[in-house]
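What follows is chain A paired twice: with chain B in the first complex and chain C in the second.
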Partner chain A sequence: MLGSCWLGRYLRTLRRFWGTALASQLEYQLNALIELVAMLASLGGSLLVLWLFYRQGVELGGWSWHGALVVLGAYTCLNGLTSTLLQPNLSRIVTHVQEGTLDFVLLKPIDSQFWLSLRTVSPAGLPELLLGLALMLWAAVADQGRLNPQAVLATALVLGAAALTLYSLWFVLATTAIWFVKTWNATEVLRAALSAGRYPISAFPAGLRLLFTLVLPVAFLTTVPAEVLLGRSSGAWVLASAGVALTMLTISRLFWRLALRYYTSASS
Partner chain B sequence: MRGPRLPTWLRRHGVLWSVQFAYMAEYRVEIALWALSGVLPFIMLAVWSTAAVPDLGLSSAALGRYFLSAFVVRQFTVVWVVWQFEEDSIQGRLSPYLLQPLHPLWRYVAAHQAEQATRLPFVMLIITVFFLLQPASFGWPGVPRLLLGLLAVGLAFAINFLLQSLIACLCFWTERASALERLLTIPYLFLSGLVAPLQAFPPPLQHLALHTPFPYLIAFPAQLLAAEPMGAGQVFSLAGGFAAMGLWIALLLPLLVLLWRRGVRRYGAMGA
Partner chain C sequence: MAIVMARGLRKTFRVADKQPGLAGTLRHLVNRRWQELEAVREVSFCIEPGEVVGFLGGNGAGKTTTLKLLSGLIHPSGGELEVAGHRPSRRQRGFLEAITLVMGQKQQLIWDLPPLDSLRVNAAVYGIDDRVARRRIAELAEMLELGEELTRPVRKLSLGQRMKAELLAALLHRPRVLFLDEPTLGLDVNAQARVRQFLADYNRSTGATVLLTSHYMADITALCPRVLLIHQGRLFYDGALAALRERLAPWREVRLELGQPISAAQLGRYGEIEQLDGAAVRLLISPERLTGALNQLLTELPVLDLEVREPPIEELIGRLFHRGSVEPLPQQQR
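Showing the complex of A and B:
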């Protein structure tokens, strides 16, 4: 009873948050159009670079053309998620710290990590998210001939885990602003490093492969979902990516608690 | 009493530069992070060297030198004038700048050059680490190539600055010029040679790319610094590359002057 009441309150709050965000975003329709064109051109560019390899008969890390497109689809989807939710919300943490408005957030009778992570939404990123999913499914069908419903279900799970992992990485980096104040471009470094996820992990040399699996989990963001969708992956990888997501989420939570202990408010 | 015109201009620029340098030196950590956010050429180097594409005509050592040079060129040609100008014009700082007897764009040029100077130690560090990790790629381009390369980096910065300032000028008409800058970033990213050496492009695409300013922003200076062969049968020729850079500057500079004048007239009309 108490649990559903609590969940209901958060869901109601979320609906209000996103309703107001949508209303204000609709004022800038031209921006949305430019965003759409930029997204299509950027995907076209990524396809072009991929084609530069495959037209020479090179198979990146042993992946077929369609297999590599599934990876690119997963990347596009997560990039869409970044523009829809992560970028608009988490890049503001630095501003809150700089301008002292973080105090107001902390005073609200709602979880501060929830407020900071989901306060607003940018619908301009949604087409990219959907296009990424469509590219994944289309390329998987082109590669396999048909889709196994079980694999699709498992992919949904793994992709969800990838989204949580990505969120946690962003959140931890954005939180470092509590100590360093001016790290508003730390997330740019993350974004640049994550662009490695456009390619299957086996396209990298052994050292980087290790780095992208154990330190910066790029492999779990795009390669693992693609492998699961193509039915090449065992259940162990599904469990591993769920484990990575839960670990990262816990780390982000603990890190936020730690950061708040060091936060000394605007005027002190 | 007045001295000759050029020294005054230079002295002014020197003062502006040193003020901006002091300002930028405050933001060392931030600038180091910006430098790090340019890792893309290294990621692409990893993919290209693992893929071992045939017919590329680049050994793995040459590939390493090319992408390292592309990284360095990018570091010293980054332009963020659109963001700064957009903020200045939205917040109303532009009006006092316009009153001063100095073209506001000079302020931004000095800021960019000061920031490049702050980047220098980080870039040197990254070059050192790169050669320690990949000693096989080490190669000294030779003094003439190095000097020509530095000249080309300077010209590439000029072209990029002119291009971006043209977009910044659109702030006089629209509030969100940075959205347009995003559109320009995309052909820049894929045609400049930052993600793929131009040798890997099929001939028609290479031909198309060479008719845009983008390859001269990264690929041409990077090939000079990497001491890649130029001339017949290659993507660039030495004279042809510099001539193209000169042409782009000759085209963009008058365009910028024209658009700026029109924009300021419009800006004045809006405030009146």
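Showing the complex of A and C:
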């Protein structure tokens, strides 16, 4: 009973959060339209680069044209999620710290990490998210001839884990604002590194491959989901993805709690 | 049983020490020097439920830091703190639901939307039922004289209307303890008076405890029978406002305009000379001697105009801190 009441409060809060976020954005219609156009241009650019490679007969790390499209689909999907939730919410943490409005979040009887991570939503990223999913499925069918329902289910899991990993990494970086106040640059570096996920990880030199697997989990974000969907990956990778995601999420929560001990609140 | 209790409260900040200019900036970038800043030092006080207490002190005296400690935003460096039966820095749900903090310089309302949208968000966050929330909004809006402002985008509201809406948002969950940091900052005289009246009504009707800082002494004199005076992080005085005035200024100020200049030696017989500028004189005279001295003045000197006034409290406090004599006054028996 207590659990359902607690859940109800969070769900109702989320509904209000997103309702007001949409209403705020509709105050500026043109901006929403521009975001949509920018997204389509970015996807078109990625497709063009891939097409140029394969037209010349260059195979990226042993991946077929359609296989590489699955990776691009996974990237597009995560990029859509970034534009929908991560970027709008997590980039505000820095502003909250700088202007001292984090105080209002901390004064509320609700989990502050929940508030900071889901306060707003930008629907301009949704088409990209759906487009990415569609691209993944279409390219997988084109490559394999058919889709294995088990593989689709496993891909959903791995993609979910990828999203969680990406979120946690970003949240930890944004949290460092508590100490350093301005950390936009750090999140920009992260975003740039993650754009490496457009292409299969095996297309990169060995050194970068190691970096993208162990240090920045780019491999887990796009290549692993693609491999799972194409049926080339074992269950161990699925488990590893979930493990990485849960570990990262736990780290982000602990890190946030630690950071709050050092919060000094911008003076009024 | 006190609802707010601070014992030996301390807060130290580490702040960067940066010299101006390019050389200073480069040195700051490579080799940062830090200074320990004691914002709050060994502050102790108790507040009983329903009290309205004014928190006085100059800029940087430690008022806001203390309020942030009390509301759990920052962790104390030492000492004990209890508010509404909780330790603030743990930020438990029961604690956060029992308090509110209003900051005159920061706003929580969503800029592009009407206040009503922000109020709905707050209702959800505090787990207040829609029906109850509607009733409370109506009640508070009436007390605050807010009407159609609630359905107009916040960015279109005047500062006074916005502050009233901020107050509504901060009080929707019926907190038992109100921490108000400069709630009337920047408001015109009418809006200040209305906010003040609202706070007095709210305290009377709900029995909520209020701790208030303000730069406007009128807020403090109108609302707070008791004041805490803080200077350089130390609690300097805790007691009745009237008693503080008597303590700081056991005299009245008498302004005279004379028909002709009188020598200082001659004027010195009536009281302490504060200012002597030709025929314009300001004398300080103790309340017991006041009637006699005025009689003498009027009969013995060519007085054209005369005015007696109580020195404004902010002037007294300013003078006190300027003098630098900041030995804490003995605590009032309460």
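Just so we're on the same page, the second predicted complex is superposed on the first by the 267 of 268 C-alpha atoms of A that agree within 3 Å, B and C clash if a C-alpha of one lies under 4 Å from a C-alpha of the other, contacts with A are read in each partner's own complex, and residues count from 1 in each chain.
Throughout what follows, contacts are C-beta pairs under 8 Å (C-beta built on N, C-alpha and C of every residue); 3 or more make two chains touch, one makes a residue touch a chain.
Computed from a prediction, not measured in an experiment: that's the story for all the values here.
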item: Three-chain arrangement built on chain A, chain B and chain C clash or fit; value: fit
item: First, second, both or neither for A:P109, with chain B first and chain C second; value: second
item: Partner chain in contact with A:F17 - chain B first, chain C second, else both or neither; value: second
item: Touched partner set for A:A186, first chain B, second chain C, both or neither; value: first
item: Contacts of A:A203 with chain B and chain C, given as first, second, both or neither; value: first
item: Superposed model, chain A: greater residue contact from chain B or chain C; value: B
item: Partner chain(s) touched by A:Y263 [first = chain B, second = chain C, both, neither]; value: second
item: Chain B and chain C, minimum CA distance [Å, superposed model]; value: 5
item: Chain A residues contacted in one complex by chain B, in the other by chain C; value: 28
item: Chain C to chain A touching residues, read off their complex; value: 13, 64, 68, 71-75, 91, 93, 96-97, 99-101, 103-108, 110, 112-113, 117-118, 120-127, 153, 181-182
item: Chain B - residues contacting chain A, complex; value: 27, 29-30, 33-34, 36-40, 43, 46-47, 49-55, 176, 179-180, 182-183, 186-187, 189-190, 195-196, 200-202
item: Complex interface listing, chain A residues touching chain C; value: 5, 9, 12-13, 15-17, 19-20, 23-24, 27-28, 99-101, 103-104, 106-110, 261, 263-265, 267-268
item: Complex contacts: residues of chain A adjacent to chain B; value: 28, 30-31, 34-35, 37-38, 41-42, 45, 48-49, 52-53, 55-58, 60-61, 180, 182-186, 188-189, 191-193, 195-196, 199, 203-205, 208
